[in-house]
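First chain A sits with chain B, and in the next complex the same chain sits with chain C.
Here is the complex of A and B:
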């Protein structure tokens, strides 16, 4: 879902950016964050809670709450709500707490 | 609030609740613990919560070793339904100088004689325990598998609940305002919630020990110094032991929940009871840890905080009844290790209050040692 017509604001959409979410090709736009592109594509579950494995989604949108942590280009615990979308990024749902080794 | 007690313990940190529990277990009735804020709100809940048996004097080795033995079984000993989270992954202590290595050799001889299973290992062997350890400046390391770290809040909770089951009354958010003495004997404790008549007071006030002692006219040769610490985001298990080095000025552990907790001593830390955080610490800590454990540089810092080390001239605790004020017992001046010795602090102070012989001779840790100039030398202080 994206706002096409807004009574006051004007959205100038940038170029298309192709990226991969759990292997599936998705199109976002320049200016998107990873999470905003996923949200626009209808992806609501971005991860799961560590202990009870409950779904976690887009929440604070300012990089504070850890709800949108995902694995991006192989790197764990990326705050996707503040990470600019780039061409050919691989974005994956992270299981567990993530690893840095 | 009750208005009469046999023993009033000032301070609801791990030492205070351990003393209360041990006293109650020995049959003492009407014990009160007074805590200005919430339990473990002072140094206990702010500390790195490491426990190690690797010390340099027989007395300290025995106190720490016995404390570890208690912590190993603390959940059962205290009938704790939760878990104090004792991660017994050892302490890996890094030596970076020849002098340090020589000191460690002496320490190990002593530790092994006392049954502590510590050993010297090469930097290659250290890498087997922590594969990503940067050993370029490591001469040698010591490792003791029974060392580790604990959740200090839960350990305090465990003691407090066990003490309360035995009848101890714990008054939180209650501040000691004054202590009334007559003819050198304690009469009562004045708090902001009322007065409690008592003959015996235990000063277990941690960073505030000096201020409590001043209320009875005892001048403690202690000061409280800020020490800082930080915690990172959690990741999957990747560090077993507490990694520590005196010469590199660092300690670092990974909690069972996955966060890294690390600290170091600052060069010019304030001694005015401040527990604010500094940018300087964050900067130096990050540099220290990045050098020693490089992958940790990838982790995001969640927050930093500080607590008070209550420091004595010889960096050894002060235990026992004061000569000048009868019934005023001290369990203060832990100089940064009150948490790891708390099980024995509780037992030893309880033994003294009950008039029993101490199970470890701690007579050398009395307040009078400073007057006599008989300071205790311990080489393994951070």
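Here is the complex of A and C:
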């Protein structure tokens, strides 16, 4: 969900950006990261742990912890919390360690 | 290979002031910042800062980032700022490698100032890996930078300044705060705590998280009282139906790059964990590498800025770019740091610095 009224901040959202999460079309805004756009759309499970396959979400949101790794435009292990959202991005839940090349 | 006088890793308050100092001394500076925005933790601080006038106290944090950028703009022919640029490594020969918007680049600067800030800690309890268990700073980023509501109802763990301030900001964003819990007592400023208590949020001391329950994500938090040995006291459980749990249980300096670059580190719990050994010039044991900000020990933006000013001056002087007013500025900054660290809240910090520096503060 987006914050609409805030006592101190005014959120000027940029243009709408269309992207795909596991094939489903989602709308975010210019200025979003992949993770913020997903969260706003109600997606909190971003991946699964490598060995026990437990659900994973973001933790630090500033690029430190790697809890938010996903496959973006075919590239695995992308820290989605600091990756700016771009038009027509494909974002996928990553199973396992991901392909390196 | 690309080269420059000084590379600064991290565009938070410490990195920005280091850049101002170095550029005003005549050095050419390149800042690499991993986030899409410049300003580090400042950009999500909507509250009025504490500290003193010289470090913009009583201004809102996110404005301070703008002031620093304006100041830096005066030297724009000397300064290059790259966003979406994660520094990946610092090698023995002084080469640094960077992921710049997906492109891999190398650079050989004359000096490096590392101002990477800190990492939010986590504590062990069943379910601490579930989506919905978030760092308090992370939640702050989500709501104040991106304008996204992090959750409907949260439990805040930790009653230091960050826990208290983020709880208040959650309520400003329309999120309900079920309670704030802390193991021992409230360590944040009491003005913040009383403001929150007046808003009807219970602050419970002597509690810890027993378990977080949820299938795919946080559905319920169970807290319980602890005894003096930190054991859970049976029969004291309280359950909260929350969809997020925020942890504000401390920060640790982000020193990985320094470790890789052979800078000697020492564990000092009062400073938040491993910190670089450094001298009064903020030079590490690798003579080409300087440090400033939370990476030198967890403090505040005010001291991070002053440390940055110092490291920028000393690193520039090292390559013969000497500020016209070098001596006066250095001694003024050292006095400012002493002032910032002299308050009654800074006892632990002073102990930590004493352990690190011995007699040479």
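Annotations
Operating definition for what follows: the second predicted complex is superposed on the first by the 101 of 101 C-alpha atoms of A that agree within 3 Å, B and C clash if a C-alpha of one lies under 4 Å from a C-alpha of the other, contacts with A are read in each partner's own complex, and residues count from 1 in each chain.
Throughout what follows, contacts are C-beta pairs under 8 Å (C-beta built on N, C-alpha and C of every residue); 3 or more make two chains touch, one makes a residue touch a chain.
Everything quoted here is computed from the prediction, not taken from an experiment.
When both complexes are superposed on chain A, chain B and chain C end up clashing with one another. Applying the stated contact rule after C-alpha superposition, one finds that A:90 touches neither chain B nor chain C.
By the touch criterion defined above, A:98 reaches chain B but does not reach chain C. Touched residues of chain A, counted separately for chain B and chain C, are more numerous for C. Contacts of A:76 after superposition: chain B is touched, whereas chain C is not reached.
When both complexes are overlaid on chain A, the residue A:11 reaches chain C alone and has no touch with chain B. The clash between chain C and chain B in the overlaid arrangement falls on one stretch of those listed (149-157, 167-175 or 257-265), that is 257-265. Once both structures are placed on chain A, no chain A residue is touched by chain B and, in the other complex, by chain C. Against chain A, the residues of chain B that register as touching in their complex are 132, 233-236, 238, 258, 295-296, 298-300. Residues 50, 66, 76-77, 96-101 of chain A are the ones touching chain B in the complex. The residues of chain C lying in touch with chain A in their complex are 34-36, 46, 60, 84, 86, 119-120, 122, 129-135, 137-139, 141-144, 146-150, 172-174, 216-217, 254. Of all residues in chain A, those touching chain C in their complex are 1-3, 5-9, 11, 13, 31-33, 36, 39-40, 44-46, 49, 54-65, 81-82, 84.
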